[in-house]
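In what follows, structures are represented as structure tokens.
In what follows, subunit A forms one complex with subunit B and a second complex with subunit C.
After this line comes the complex of A and B, so read on.
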């Protein structure tokens, strides 16, 4: 794994409540790099999160809102966060339900800068 | 309306689920030699036969390259075009090895197809009835079987 990817993942996994972080190829839905707790199916989350991001993007464009900058899916037992990164990547975090979303978002945006 | 049809009825429900979940536009399930077992999305028999023959040929030539490299058997190939992607995979069932040829568009991705393909292959193995002893293949039976298969696949 390259230093850039490693430091992007490190930045995201440092946030309290993060169960796993991934760099995903946005168009393909394939895992580029991951740092996940045991029991999280990285390839499944990557494929579904990329598909979700793609659909949000279409919805957002259709509504003339531009491109999505950050996606927060709050579920009953956890959260899924996603943010587009340069070079066709998507940053994905799987986290506890009570994660500090603001802090996680900040770290994802920093990680996106690292990958630029 | 896009139709899903199967020569082997036990493949129909898993194929329908796979197509719905992966958003595949075309799907073709064949034996290693290109004999069609089920299809989704094809409207012309000639397209099915061509795709089955080409899929089997690609799998055979790839398997040969893999053999030359002393690698384990051929599992999957993917091609990403501008508007469509192609996924070709080889997997085993109690009825013998099979090939799946999947064409997907911009509303899906290779990750999604791969993900649901794993489930599809598992479901097929579970749904597969106990194999019966193979009969000798006769030239006279071959054309009749082929016509029967095409009639089933296209509802004619």
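After this line comes the complex of A and C, so read on.
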């Protein structure tokens, strides 16, 4: 794993409540790098997040909202956060329901810059 | 140069004022040499400005290059010179059809057929337009207005959309900044989004999904499920902070929920 990827993952996983962070190839949903708690299926997270981001992109562009820059799925027992990064990557966080989303968002946007 | 074009060119060269420009122009047009065809026809029309066949040919050359309005002008000239010109009526029928004027297209094609009932392309065009006119006449009146579920709320008609899980609009509306109605299209995409959200939450052991928010380059979207059988989309520009959007969406979802429950018999 490159230093940039390691640095991006470290920054994201430092946020309290993060169960795991990943860098995913946006187009095919394959794992590029990951740092996940035990029990989280990396391949499934990658594929699902990429697919969700892809579908949301269509709705967002059609509604004239442009490309999504940050996506937040809130569920009863956790959250999925995704932020497209340059060069076709997607940053993904799986987190507890009570995570500080604002902080996680900032770290994801910073990590996206690191990967640029 | 093909033999027929050479022969026609030679003939026209011998007598530049002859009507030979029409077959030569047509031959060039059929070979796709539209610039050359146009030059020949325009030169010929200088000698024969009232020749309907010449204007009809020039119109078809223009139509081939996509200049439909100029083509219509030429066909109009042809009809002014010769009101029963079959080619010009056929051309005007084409123009009317392109402009969505089915009745006008049908009228011109019927006049073209009256002048030349044997032209198979005119017969085909007439049948196609006749069918379109009949279908338009039998189509039901415009879609009924959507229920005013969100009346009084900000964005009631252009930024709030209630859809069913199959992506069909139940209420509300969605328009882009230039007032284009994108409700049906976005509704169709939303069905896929909600299914994906449900699958994601389940497979990642996140429990039941509550809502999804996306910050876009130009605006924010918020999707929630007021009831098990519905999805609510709220769209706002970027000036609305995402936190406030979540609060607004929760209130609108309550309005939607009450309305949906009132629909149950």
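A few comments on the model shown:
Please note the rule applied: the second predicted complex is superposed on the first by the 116 of 116 C-alpha atoms of A that agree within 3 Å, B and C clash if a C-alpha of one lies under 4 Å from a C-alpha of the other, contacts with A are read in each partner's own complex, and residues count from 1 in each chain.
Criterion: a contact is a pair of C-beta atoms (placed from the backbone, for glycine too) under 8 Å apart; a residue touches a chain by one contact, two chains touch by 3 or more.
For clarity, every value in this text was computed on a predicted model and none was experimentally measured.
Contacts of A:30 after superposition on the shared chain: subunit B is touched, whereas subunit C is not. When the two structures are aligned on the shared chain, A:46 is found in touch with subunit B, with no touch to subunit C. Touching more residues of subunit A than its counterpart among subunit B and subunit C is C. By the document's definition of touching, of the two partners only subunit C reaches A:72; subunit B does not.
When the two complexes are overlaid on their common chain A, residue A:116 makes contact with neither subunit B nor subunit C. Within subunit A, the residues touching subunit B in one complex and subunit C in the other are 44, 48, 51.
For subunit B in complex with subunit A, the touching residues are 80, 107-112, 114-115.
The touching residues of subunit A, counted against subunit B in their complex, run 24-25, 27-31, 43-44, 46-48, 50-51, 54.
Every residue of subunit A that touches subunit C in the complex is listed here, in rising order: 40-41, 44-45, 48-49, 51-52, 55-56, 58-60, 62-80, 94, 97. Per the touch definition, subunit C reaches subunit A in the complex via residues 174, 176-177, 182, 185-186, 189-190, 192-193, 196-197, 199-201, 203-221, 233, 235, 242.
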